[in-house]
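Next up, some structures in C-alpha cells.
The following pair of complexes shares a single chain, chain A, combined with chain B in the former and chain C in the latter.
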Partner chain A sequence: MTRARLAGAVAAAAILLAWPLVVPGYFVFLATLVLVNGIVALGLNLLSGYTNQLSFGHAGFFAIGGYATALLTIHAGALPVPVTLLGAGLATALVGLALGIPCLRLEGLYLAMATLAFGFVVVEAILHLDWLTRGNDGLRVPVARLGPLAFSTEASRYYLVVVVTVLMVAGAVNLVRTRTGRAFLAIRESEVAAQTSGVNVAAFKTAAFVVSAFYTGVAGGLFAFVVGYLSPDAFDVFLSVDFLVMIIVGGLGSVGGSLIGAAIVTVLHDSLAAFQNYRPLIFGGIMVAAMLFMPGGVASTARAWRRR
Partner chain B sequence: MTTAALIHVLVSGLATGSIYGLVGLSLVIVYNATRTVNFAQGEMFVVSTFVAWSAARAGWPLPLAFLAAVVAAAVLALVIERAIIRRSIAATHWDVLIITLGLSLILRALAGIVWSHDDFPFPSYFGNRPIAIGPARVVPVSLGIIGASVVLMALLGALFRFTRAGRAMRAVAQNQTAAWLMGISVPRVFSAAWILASVVGAVAGLLIAPVVFLSTKMGLLVINGFIAAVLGGFGSMPGVVVGGMLLGVIENLAPLYLPTGIRYSVPFILLIAILVVRPGGLAGRVHRRKV
Partner chain C sequence: MPLLAVQDLSISFGGLAALAGVSFDVEAGEVAALIGPNGAGKTTVFNLLTGLYRPTRGRAMLDGEDLLGLVPHEIARRGVARTFQNTEVFRRLSVLDNVLVGQHTRLSGGLLGGLLGSPRVRREEAEARRRAETLLARVGLGDVADVDAASLPLGRQKRLEIARALALGPRLLLLDEPAGGLNPTETRELMRLIRGLRDEDGLAILVVEHNMELVMGISERVVVLHYGKRLAEGKPHEVARNPAVIEAYLGSGSGDADA
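So, the complex of A and B:
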C-alpha cells in the first residue's frame, strides 16, 4: 500500500468512526442507511456488474433478509446479532440458490423479467403469509442484542452496521481478486470463452447468485434493525430499481463504485423526500443520462480522469 | 360451476387477455425491429390515454379525443426514438433496457405531476350492464374489447403482410444487414416500429381504461404484456395474441380453483415457470445458439 493510499484509508476510518460524535442524530441514521444500501449495491454488483446477470428483483432478497431477521429476533431473542444476521443471510442465500439454478437457462432480458416476477411474488407471499409476517399491518422488530449489549441507540446501530459493512467490503474485495472473481469477470466478457478456458460457467453463475443473495439478505437484516419496522410495501419493484440505479451510477463491476452509488442514491432519495412527485423524474433522468453519457458510472469516469 | 358462470369468466378472461395481447404486440413490434424491449411502453400508453381523458373533459367528442390520444402516442414515440434511443443505437441491449426503464420512471412521474396519481373514471363506447346471450350473461364492454382488439390485430396482420412498410419491418426483423443492403432504411424502420407500437399500446390503454379506471398504475400492464409475449414465444405475433388470451383466461380461472392469496401471483409464477421450462414459448421452437 502506498503512503497516500494508507493516509486515505486512515482518514476514511477516522471519519467513519467519529461520525456519530460530530453530527446530529438524523445524519447518523442517514449514514447507516447509506452503508446498508452499500452492502446491497455490492451484492447486486457482484451479480450484475461481475457476471452480467441483470436482476430486477433484489428488493425481494432484501425483504427476505429483513423478515428472516425480524422473525429470528422475535422468536429467538437470545441469539446474538451476528448469528441472527448470518442466519438471515444464509436463508436468503438458499432462496438465491433456488432462484439461481433455474435462472441459469435465462439471460439478459429474460433473466431481468424472471427476477422482476420473483420480486412481486415475494411481496405477495409476505402479504398472504400473514400468520407469520402480519401481512399489511407490518412487523415491529425488537432491538438487536449481543449478550448484555443492546443496540438501542442510533449511534450503536451505526457502529454495528459499520462493522458488518467493513467485513462485507473486505469479503467482496478479496472475492473479486480470487479465482472466483476472475471467473466472474471472464463470464461477463464472454461465456463461451470462459467455458473454453475451463471455467465452470453454470457453477460460477449460480455462485454469483448465492453470494449476491447473501449480501442482500444480510443488508436486509441490518435494515430491519435500523428502521425497526417492516411492511411489505417498502419492498416494491421501485426499491429494486433504486438498487439498480446505485450500481449504474456508481459503476458496474466496481466495489468502490457500489458504495459511491449507494451514497449518492440514498442521500438524493432522502433530500428529495419533500418532493415525492419529482423523485422518480430525477431518478429516471439520472438513469438515462448515466447510460448515455457515463456508461461506466462514477467509478470508471473517475478512473478516466486520473489517467489524463 | 354452471356453464353460464363459466362462460362469463371465460369472456371476461378473453377481454383482459386481448388487452395483454395488444400490449404484448406493441412490445414485440419494437423487439422485432430493434432487438430491445421497451420498458416504457406501459407509461407511454398511460400518457396517451390521459391525453384522451383531458380532451374528452374539455368537451371534445369521444372519437376526436381518441384520435388525439393516438396522435399523441405517435408523437411521443417519435420524439423518444429520435432524441434518446437513436443516440444509443450502438449501445448494448442492456444499456437500452436501463434507458427505457429510466424513461418509464420519467413518464410516470410526469403523468403524476400533470394529472396526479388518482384514479379517474374513463368514458367508454360500451355499456356495463350485462346482456343475456342464451343462458349466459356477458358484459358488452368485454365483447367490445375483444371485438376491437381482433379488428386491430387483423389490421396489423394485413399491414405486415401487404404493405411495403410492413414488409420492410419484417425484413429488418429477419436480417438487419441484408435489409440494409436491399435499400431499406433501417433507422426509418426503427422509428416506424416505435410509432406503430406506441399506437397499438394507446389503443390498448383506451380500451382498458373504462374497466380498470385510468391511473398511472395502468402502466404496470406492460408486465402482463411481456408475460403474454413470453408465453407466445417472444417475436411471434400470432403467438403473442394467443399467449395474451391464455394469460387472461388463466388469471380469471385461477381464483376459482386456487386460494385467494395466490391470485395476484399467478401471472408471475406462470412467467417463471414458462421461462424455466419452455423458454421458447408454449408453441415455440427454442433457438439454439451456435458457437
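So, the complex of A and C:
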C-alpha cells in the first residue's frame, strides 16, 4: 500500500468511527442506510456489473433477508445477531440459487423480465403468508442482541452495520481479485472465450446469483434492525430500480463504485423527500445524465481523472 | 497412436453440409496446418473440437477419448486450448488478468476461499501471477501487463490470445489464423514462437492459416479442406504440388465469394 492510500484508509476509518460522535442522530441513521444500501449495491454489482446478468428484482432478495431476520429474531430471540444475519443471508442465497438456475437460459430483456417478476412474486408471497408475515399490517422487528449487548440506539446499530459492511467489502475485494471474480468478468466479456478457457459458465453464473443474493439478504437483515418495522410496500419495484441506479451511477464492475453509488442515491432520496411526486422524474434525469456523461460511472470517471 | 485422431467429422447448417466426412491426425509434438479457401470449414473444425458446435457425425479422439460429446469447459480441462480468428480477448480486463483467466483450470480457489482470502488462495494467486508474467514475457507483452486488453493493437491482441491459451497448459493448441493482419516482421516473430512451442515445450499445434510462407515454413503436415471435404493431406511440398489443391485455390478465384 502506498503512503497516500494508507493515509486515505486511516482517514476513512477515523471518519467512520467518529461519525456518530460528531453529527446529529438523523445523520447517523442516514449513514447507516448508505452502508446497508452499499452492501446491496455490492451484491447486485457482482451479478449485473461483473457477470452481466441484469436484475430488476433485488428488492425481492432484500425483502427475504429482512423478513427472515425479523422472523428469526421474533421466534428465536436468543440467537446472537451474527448468527441471525448469516442465517438470513444463507436463506436468501438459497432463493438466489433457485432463481439463478432457471435464469441460466435467459439473457438481456428476458432475464430482466424474469427478475422483475421475481420481485413481484416476493411481495405477493409476503402478502399471502400473512399468518407468518402479518401481511399489509407489517412486522415489528425486535432489537438485535449479542449476548448482553442490545443494539437499541441509533449509534449502536450504526456500528453494527459498519462492522458488517467492512467484512462484506473485504469479501468482495478478495473475491473479485481471485479465480471466481475473474471468471465472472470473463463471462461478461466473452462467454465463448471464457468457456474455451475452461470456465464452467453455467456454474459461475449461478454462483454469481448465490453470492449476490447472500449480500442482499444480509443487507436486508440489517435494514430490518435499522428501521425496526417491515411491510411489503417498502420492497416495490422502484426499490429494485434504485439499486440498479446505484451501480450504474457508481460504476458497473467496481467495488468502490458500488459504495459511492449507494451514497449518492441514498442521500439524494433523502434530500428529495419533500418532492415525492417528482422523484421518478429527477431520478430518471440523473440516470440518463450519468449514462450519457459518465458511461462507466463515478468509479471510471475518477480513474480517468487520476490518470491525467 | 496419434494425439488427435479426427474421424469422419461432419456437420450441417440448415441442410447445408459445412463439413462432410473429414478425417485427419495430429501427432504429439508436431505442427500441422489446416488450410483451404474461405468458407472451406476450417474454423468449423475448431468449433467442433472445442465443443462450441455439435457434430452430426464423427469422432475426435484425443489420446483415445472422444472429445465430441463434451462441453467446452470439459474439453479445456483435457488440455485443448485455442485462439480465435476474430480475436476474443477479454476486452475490459487487463492483459495480465486475461492470462490469469487462462489458468482457470489449473487453479482450485473456490467461492468461499475467494471471499475469505484464505492463505492457500493467496499463495496460489501469487504463483499464478508469476506464471502469467513469464508467459507474457515469452510472447513479448511483458511491458503491457496492466493495460486493458482492448487498447492493444490487433497483432498484440493475437499474441495475448496465444498467451492465454498457453496458460491453460495445453497438450493441443489450436491457432485460427494467427498471422491474419500481421506485418512480415510480426509474422516471422510468430513463426519463431510457434517453433519454440513445439521444440521446447513439445506442444502439438494445429494451425489454420492463409499465409503460405508460414504454413510451408513451420508445419510438418498439411491438411487441405475444400467445401467441407478433405482434398489432400501430406507434407507441405507434396501438398503444394498437388494439382487438385492448385485447382481449388485458383478455381475459387479470390476465394472470398463465400466467406
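The rule is short, and it goes like this: the second predicted complex is superposed on the first by the 308 of 308 C-alpha atoms of A that agree within 3 Å, B and C clash if a C-alpha of one lies under 4 Å from a C-alpha of the other, contacts with A are read in each partner's own complex, and residues count from 1 in each chain.
Everything below uses one rule, namely that contacts are C-beta pairs under 8 Å (C-beta built on N, C-alpha and C of every residue); 3 or more make two chains touch, one makes a residue touch a chain.
Small disclaimer: the values here were computed from a predicted structure and weren't measured.
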| item | value |
| --- | --- |
| Which of chain B and chain C A:211 touches, first, second, both or neither | second |
| Chain B versus chain C as contact partner of A:80, first or second or both or neither | neither |
| Residues of chain A touched, compared between chain B and chain C (which is higher) | B |
| Touched partner set for A:192, first chain B, second chain C, both or neither | both |
| Contacts of A:8 with chain B and chain C, given as first, second, both or neither | neither |
| Partner chain in contact with A:142 - chain B first, chain C second, else both or neither | neither |
| Overlapping contact positions on chain A, where the chain C interface meets the chain B interface | 192 |
| Interfacial residue positions of chain C with respect to chain A in the complex | 50-52, 71-73, 75-77, 81-82, 84, 88-93, 97, 100-102, 104-105, 107-111, 113-117, 121, 125, 164, 168 |
| Parts of chain B lying in touch with chain A, wherever the complex brings them together | 37, 84, 87-88, 91, 93-95, 97-99, 101-110, 112-113, 223, 226, 230, 261-262, 264-265, 267-269, 271-272, 275-276, 279, 291 |
| In the complex with chain B, residue positions of chain A that touch it | 52, 54, 102-103, 105-106, 108-110, 112-114, 116-118, 120-121, 124-125, 127-128, 192, 241, 244, 248, 277-281, 283-288, 291-292, 295 |
| For the chain A and chain C complex, residues of the former touching the latter | 170-172, 174-175, 177-183, 185-186, 188-190, 192-201, 207, 210-211, 253 |
